[in-house]
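Letters are used for the chains, namely A, B, C and D, taken in the order the chains are written, and counting of residues starts over at 1 for each.
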Amino acid sequence: MIRVAISGTGRMGSTVYNAITSAEDMEVVGVVDPIALNFDIPDEITTHNDADQLFELVKPDVVVDFTNTEAIPRLIKAVLNHNVRPVIGTSGLDVDTLSNLKKELSKKRLGGVVASNFAIGAVMLMYFSQLASKYFDTAEIIELHHEKKVDAPSGTALTTAEKMRETRGSDFINNIPDITHIENTRGGLLNGIPIHSIRLPGLVAHQEVIFGSDGQTLSLRHDSTGLDSFMPGVLMSVREVVKQDIFFNGLDSLFGLK
Amino acid sequence: MIRVAISGTGRMGSTVYNAITSAEDMEVVGVVDPIALNFDIPDEITTHNDADQLFELVKPDVVVDFTNTEAIPRLIKAVLNHNVRPVIGTSGLDVDTLSNLKKELSKKRLGGVVASNFAIGAVMLMYFSQLASKYFDTAEIIELHHEKKVDAPSGTALTTAEKMRETRGSDFINNIPDITHIENTRGGLLNGIPIHSIRLPGLVAHQEVIFGSDGQTLSLRHDSTGLDSFMPGVLMSVREVVKQDIFFNGLDSLFGLK
Amino acid sequence: MIRVAISGTGRMGSTVYNAITSAEDMEVVGVVDPIALNFDIPDEITTHNDADQLFELVKPDVVVDFTNTEAIPRLIKAVLNHNVRPVIGTSGLDVDTLSNLKKELSKKRLGGVVASNFAIGAVMLMYFSQLASKYFDTAEIIELHHEKKVDAPSGTALTTAEKMRETRGSDFINNIPDITHIENTRGGLLNGIPIHSIRLPGLVAHQEVIFGSDGQTLSLRHDSTGLDSFMPGVLMSVREVVKQDIFFNGLDSLFGLK
Amino acid sequence: MIRVAISGTGRMGSTVYNAITSAEDMEVVGVVDPIALNFDIPDEITTHNDADQLFELVKPDVVVDFTNTEAIPRLIKAVLNHNVRPVIGTSGLDVDTLSNLKKELSKKRLGGVVASNFAIGAVMLMYFSQLASKYFDTAEIIELHHEKKVDAPSGTALTTAEKMRETRGSDFINNIPDITHIENTRGGLLNGIPIHSIRLPGLVAHQEVIFGSDGQTLSLRHDSTGLDSFMPGVLMSVREVVKQDIFFNGLDSLFGLK
């Protein structure tokens, strides 16, 4: 059994708590709650507002952190102090914090990971799109989200197009119509890849990358239908960091996908 | 057995010939070839370069015409002279020609149809999109074609958006993002409907209309993968015009879809 | 403003309450709670455990009912006593109850509706599948649900196949392979329509009907991603029953879709 | 310019001829036609019914072969005699022939490839499905083909399921419904992966692999719409074998995809 501590008691922390409790090969041994408990934790689980003291009490193998940049420095100190492997989902950490954490964990030969996206399907979609970019000269991205999304295109679409260009080494080839009946139907262009943003009620978060070649198309699609879509990635990370002895940036690195 | 004459011996005429020959409830009784034969016709089938004389010889119930606007006046004269029901796929006929043909056929209580699109699936897609437009406030159109298509968006996408607006009676409601990372990813707008045009090798001719509402989407899609996609519509038209006693404009009219 | 009473305070009643409160052309004037309140209702909204007495107090135009078969008789009595138009989502009502309600409402020239499915997209999907069944000889149904669904195929798939057969008047034509490498990949057969059931975590509730013909396919798909998918249908029903003077069985009847 | 000889003058040979002629970085320098020419070859292209003699005359870098198992021995002899790199699409070659060819080419440090499937999109689909199999516990395959296909499921579906199982190391987890309204809708099972075969006119050759996990699905799809779908893979193979110094079995091996 992998002994897991949870850092953060917001909606993410609560979902992580339930997922780890349901997994057969790990158990929650304690919860760090810097402020106030936001979800019901059984009395038998140790809780503490300070990570260092909680780790002293429960000796976890791994800590899963979904807090904020202010809470991170104390967490890192506690992690290094007690040799706990970190799985960090908190976003916005600066480069120095990350490179320092990487250096210190390497010295101790401890695994760990920080990732902005734990949806394993989205990580796969981006990786496969990169791989396919070497073998196809044309591609388009369609990203579909609920109508309340404030921006377009999605951040994932932008990242995908950047990674595809990087792997390919040159821009994609893009059809430009001779005759335009209505402006802009060919979408927004990044690296030779037209990006199309669909916004409709009833949609959640979806992305499709279509590659075209003579007589064939290859379509890669990720559909996210729930907030629990990041849980499998968190559980896999917990299992992986106990086997590793360095710190990884991104799920694709941790899983050897790039 | 419905006795069918074919007018026109180009690629369409040839395909129609094969389709009718294969159908169990109809037979080709003659072919009108105004210029020169472009496909192999068995010797036992009567051919003539003049429709009136061919009809005199073979007494067809129906004539299927895929020629051009120059050949049409003589065909119409022959149709009315011999009481043959016309299924016309020739495009570009002027309003007077059509209204006159309609009037004359009505007097004789003869069925007939002219249509620009015999792909029954495309006709259905447009009709269902119209119907759904009464019950959804948001919709987007994605049309996908091979990379050699010279224009964007497709004519079918434009027609679909026009029919949807007409049935609904008002523009659709369209999400406009607050933040735009790349211009134009929301597509081209017609009647409140964003239209997105995908152009890739490997695609043929496809269109999807997506309607969104709370917690659900309804997607209607037509995929055309071959030049024979119009044949079922032609055969159904042949069967239908022999039962009707007026002339229809469009397959949707003939089949009572509007 | 349409004055609406809500009957039932379970999860459905609560969702209906929020939807009607958000709509601009209607307002909640009272809530019937036969047992105990299950959701927070503002103090200014009149509540009562008896429908008859609530209707006396608040004079609603329409009542939306999501309760159970035991609560229905008293609701119907109150409806007829106070000339309130019913929108009933409670399932399992017997034929006599429904035919009697229909008769009494007709006498009073009052509109009303009972429906087992208020997801307007699912209703459309079934209706369009019926219509297309006249024009295609082959069709297959793919229904996709979360892996916890206990039965296969889904009830909606069965209903769809029945309606398609009914409209068509004969079974569909079904390909039977000469060589079978693995048994059963061609799915389960109903009325000549192969039905395929997909069960995966991450799916919610989806159905696709694919029609095939020479050189083309027509695909109709409904994706349900949330419990609120029935709300637009409830709101449309409220608006429609105040204009009608008879009682309808099914949303498709109310909206003139069959 | 890569100098390419073509072996075989059937439909595949003819398509290869056109593709290579259109490519900017290669040219057809000769055609081996063991029997009789089946397509028009310009007079300036050297043709011969014997590979050895043709290679002597035109000194090709690469030969692309789509013939049959009877013609292969003489081709291999000529290939080794003249140090020509082979791209072989002929299927049914026995293990000894292949291992011997591999040994001999390695000695000479010459690249080469034999593959049963040159559709690069199909090769990618299988490879990505293998990779994803490590990260998902549930998956289903839907393969869709025209109604005239004699067998079910498709060979590609079987191969995909085998490769997925191999990479994963154990069977997938498969939902079995408690209640079955119609038999067999859950498809045919291989390695814990339900396979569903759709057969409809209008379809060509398509395969989708859907992976499911909490709150998300990942869908990988290949659509083949034309006979030219294998051409990009052939051209890429020609370019790749001139850089390599061993013989590969399968496009995935040649492109380093496994």
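Everything that follows uses one rule, which is that a contact is a pair of C-beta atoms (placed from the backbone, for glycine too) under 8 Å apart; a residue touches a chain by one contact, two chains touch by 3 or more.
All values derive from a computational prediction rather than experimental measurement.
Distance from chain C peaks, on a Cα-centroid basis, for D.
Counting C-beta pairs in contact, the pair that comes out ahead of the other among B-C and A-C is B-C. Here the CA centre of chain A is 49 Å from the CA centre of chain B. In terms of their C-alpha centroids, the spacing between chain B and chain C amounts to 35 Å. Inter-chain spacing, taken between the CA centroids of chain A and chain C, is 38 Å.
Annotation for chain B: residues touching 2 or more other chains are 121, 202-203, 211, 213-217, 223, 225-226, 229.
Across the complex, chain B meets chain C through its residues 19, 119-122, 124-125, 127-128, 131-132, 134-136, 211, 213-232, 236, 255, 257. Chain contact summary for the complex, chain A toward chain B: residues 138-140, 142, 147, 149-153, 155, 157-158, 175, 177-190, 194-203, 210-217. Residue ranges of chain D in contact with chain B, taken from their complex: 121, 202-204, 223, 225-226, 229.
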